[in-house]
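Presented sequentially are two complexes of chain A, the first with chain B as partner and the second with chain C.
Right after this comes the complex of A and B.
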């Protein structure tokens, strides 16, 4: 006899009292997703290596890890919003540029590096708080709100500055140009953010609440979890993470404009969806997100090795995004049956 | 350093710019017989419609408007200024407004030229002549930099440096493109590559590599690492590009991958060749002195106002006024005054002085 699944407060499907079905199903899906992304990533690496055996090199590793850095941190910010049921934050590029500008402005005004870092992260968190206030307390569609905030925010940034440059002799700039363990310095904050956020999602009360709010809001509410409060603080936290991305962005870009963050939007959304983080909320694995970011960041380098125009990278990413959304939709339909 | 857009800076710049350009153009006017024509007996005041580009990160576009306003004021002409806001729709709406205002000539920089054919039809029907800056449109007077010469000049200088420093032993010539700019991209980057090839003919064809930088540093920095990784054995590297941003993106990527030991870049537009934070590997750029374009455009307006409409020259090859590009090394660029100071100095210079003759000391 087939057991009809029951939605639990943490958003997963449960068929038995002891919840073993939950663990089995989740493990199977997670393993399948992990193998899928690893498989296509490996396929890309093998295909490129067949054409160009020198693909497997330190230079490629540096190129891929550098490309992963800022996208990876932004992808974590986006993932937190999506898992909490906030659909998508389309204003993340503004968070990134705002915090980069705030950081650079602080450094140009001779504030110490720690203060500039604090101001940068705080700016991102403040932007997230503004989004959260409008979405949660205005009870408005997050996609529409963050889309509007993205446009409005860009306009405000254009009023604030035309271009910004980090002081070339600042510690942050030196950090942006340096390496640790043979990899770009900016790669490591991304790894730390993914590990910390991933562990927090899986093993802390905060993480369980976040998934619960995203997966099954009604059940979460009956368990006494405050939906508005949780969602608001997710936007704040995601903003702070985007603020960290802004710091790294300022560290590696000697000069940037208000619109410079726009380039990351598609890549970040593609990484989140490809990682199987469902747009319906409540589900997400940040290890998969790391693989997804790694795979997407390998594409531009592979394209260069194939000698193709970089435009093909966007074509591939767009196609993968549609494929991933299709798979997500198929899974949702299947679990609803 | 952050470029603020605050009121204070705008005010200061506006006052300085207006005063300086006023001085310049008073001088110009007094020496030009055509300039006095509109004031003498014209039934209606000759009016200039000026549409600034409105692109972000382009101080020169706002300064073009300031310069044009002063030029019109110096002649006692009417002046209507609008901003295209870097938008096709706004540029088209602006055309309607200029036609309604019955201006006698329109001057415009439109960074979204897809709307130009529609606007050209409107202006033609209304009988209003148009001066376009840098982006050619059939039937409009073209005032702009000679992009083909700019590309050649930059590439030649870079090639000469490669010859003197490396004896033309170049392993890779990277071209940071901005393909959406069409022919301008081809002139700037293609001609630069050809010029390098002319100076150093033994560089093999396979050493020339192009990638899409989209004319901005962020995209360039995102796409360039793969290019360096795909050419791991290239040591002596040259970089040309559609502008300074694209070239610096490639140079920064080289630094990230530890490939900046023997690399030189030569940009276009001079956007990142001055100031405190010039990339150590950006050895030069080609400057255009964009802020001085209106002074050239008003030469056409003077003739129109005097009833002597000049023949329309509407292409980069056959321009009404062709601005001479100025290739400068990093050291030479450091001696060139800031854009605001240039406007001031031009104002104090004798009539007929060009930005090129005043500031290009290469």
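Right after this comes the complex of A and C.
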């Protein structure tokens, strides 16, 4: 309740610019980013449709929304880490696969669905907590910690299992195969996650703290926010969200290997950066994240319709990422002048 | 940690034990200790066979190409920019080299083309990172994806096999009982170590990596140094790709996948930092790679599941960065 007066007092004390001005500028770049991603996305859709009129079909819509669902949830997890100034969590695929494996194992042992879901999300969160503990107590850079935990974790998963199958008669599997409002069922948890996380970031004290820690850790600390606690819970939260992605992953894939989760890594980081969520932390718009996930998820389908080798979609995604960070860096440089 | 702050108080008889500890306090010292520990564990678990010439040859050959790539990439780390695209560049370089040689072009010409491609990739990275001031991690991650994609576009099915005589002599031959490739790798490391610690260029790179503003005020062009470092890193990867073709006789589209993680883990174990420049020495990088290769070898000899390697390397990496932090490296809050 008393956060807002303290915040303004602190803002002026730390010599930052007038708050309203900063927000204004950010909103405008937000709008411009939104329009540019929407524009490029539309351009891609139009170009593909001109070459192949049958691109605009229910099949395409299903394929794109299907691709969006798991990367979208994972992108929210990554975005939370990045916005809070935690740089990057490179071990999210481990959280995802660990959760998927735990869920499937629970189901195979005849545990009820709710228990399996609980176990899945919990194991994702537990992996996040392990990362968070090392980062907080070791005071180590999260990129290095999660890099090590990423390849070490993958190895642990490989020692745990070689391939996992979800029971085909389970409720979770039926959920994974079903559709709601014409779109795959797994698409909707993603929408809910993005909306809830987006609203929470903007309108709750928790969200404001997270942004404050990411934007200016020193100021946040003088305001009485505990940095270690925030960092720790961000990693736990991101792990739990990745665990949810793991549930959806287990639901839609009849079988998977420990390495399956790694395929999402680059795509998810690309989506976060393309959405203008800077690695320096403190800012981020999850609506924009939804758009960038959608855009990136359309690329593989478009490439297939153009009749190009699947490798081209990697080329395009890489080039787009370089372009996006280049433009972002250029803009920051110019505004700093 | 208080010792440097209070030098006068602790002047009187410094025990030799303390002096010994201080010797090992540097990054290269502690990685040296780790290497000795690896050797001892190897001897204990595998017996004298661990240090037999044939086994040392196996380790040496496996470490040589990553070593050359790592030493060249370490210049970028030293200058304060991370180049994540090296693994994909190794793969892409190998793929172009292998494919062009397979269609009958002159191997020397193709090698030159591959190196030029390496320079171009480095320049593109440099343009976006140095020119536009973009985040190196993000840019080179994009380059990693792009180059991997190109390799997949060029090589769809089984790649052709090639045999290039002069290259084969380098990658498979030996001089005085040591694998030629390893000798080249160690030579490159020593030259790089000399450049870093003894020359003006090396000091410039360290200055820019340590504090680019101070370096700029001292009249060093930070952008020029970083562009050079990024180009060196990318060219090193291209050369690594060519050497891999010599070693393997072919280049699949997944060659070099994940190599950047192995290399940076080894470099960080050897005392480099991927989050701040200006620290580390190529010798430390060599020792770091040897530790990883030594552990791999122990696991191979003992028929352990190779997956344990990554778990062990991850733990060593975390301990290494923790040690670096305790020693006065950047702490993250």
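Please note the rule applied: the second predicted complex is superposed on the first by the 312 of 337 C-alpha atoms of A that agree within 3 Å, B and C clash if a C-alpha of one lies under 4 Å from a C-alpha of the other, contacts with A are read in each partner's own complex, and residues count from 1 in each chain.
Here is the rule we go by: a residue touches a chain if its C-beta (ideal position, glycine included) is under 8 Å from a C-beta of that chain, and two chains touch if they have at least 3 such contacts.
Since this is a predicted model, take the numbers as computed values, not measurements.
*Asks:* Which partner does A:285 contact after superposing on A: first (chain B), second (chain C), both, neither?
*Replies:* neither
*Asks:* Using the touch definition from the top, say if A:67 reaches chain B (first), chain C (second), both or neither.
*Replies:* First partner only, chain B.
*Asks:* Just to be sure I read the superposition right, which of the two partners does A:317 touch: chain B = first, chain C = second, or both, or neither?
*Replies:* In the superposition, A:317 contacts chain C only.
*Asks:* Once chain A of both complexes is superposed, is A:146 in touch with chain B (first), chain C (second), both, or neither?
*Replies:* A:146: touches no partner chain.
*Asks:* Just checking: does A:309 make contact with chain B only, chain C only, both, or neither of them? Give me first, second, both or neither.
*Replies:* both
*Asks:* Which partner does A:252 contact after superposing on A: first (chain B), second (chain C), both, neither?
*Replies:* Once the two structures are laid over each other on A, A:252 reaches chain B alone.
*Asks:* Between chain B and chain C, whom does A:103 touch in the aligned arrangement: first, second, both, or neither?
*Replies:* neither
*Asks:* Once the structures are superposed on A, label A:161 by its partner contacts, choosing first (chain B), second (chain C), both or neither.
*Replies:* After superposition on chain A, A:161 lies in contact with chain B alone.
*Asks:* Need the overlap of the two footprints on chain A, from chain B and from chain C, as residue ranges.
*Replies:* In chain A, positions 158-159, 309-311, 313 sit in both the chain B and chain C interfaces.
*Asks:* Enumerate the contact residues on chain B facing chain A in the complex.
*Replies:* 1-5, 56-59, 211-212, 216-219, 221-223, 225-230, 232, 245, 248, 252-253, 255-259, 272, 275-277, 279
*Asks:* Could you pull out which chain A residues touch chain C in their complex?
*Replies:* Chain A residues touching chain C: 88, 134-135, 138-145, 147-156, 158-159, 217, 227-228, 231, 266, 269-270, 273, 278-280, 309-322, 325-330, 332-333.
*Asks:* Mind listing the chain A positions that touch chain B in their complex?
*Replies:* 52, 54, 57, 59-60, 62-63, 66-67, 101, 104-105, 108, 158-168, 177, 184, 252-261, 263, 300-305, 307, 309-311, 313
*Asks:* Quick check on the complex: what are the chain C residues that touch chain A?
*Replies:* For this pair, the touching residues of chain C are 124, 128, 132-135, 137-139, 141-154, 156, 253, 258, 261, 264-265, 268, 274-275, 305, 307-311, 313-315, 317-318, 321-322, 325, 330-333.
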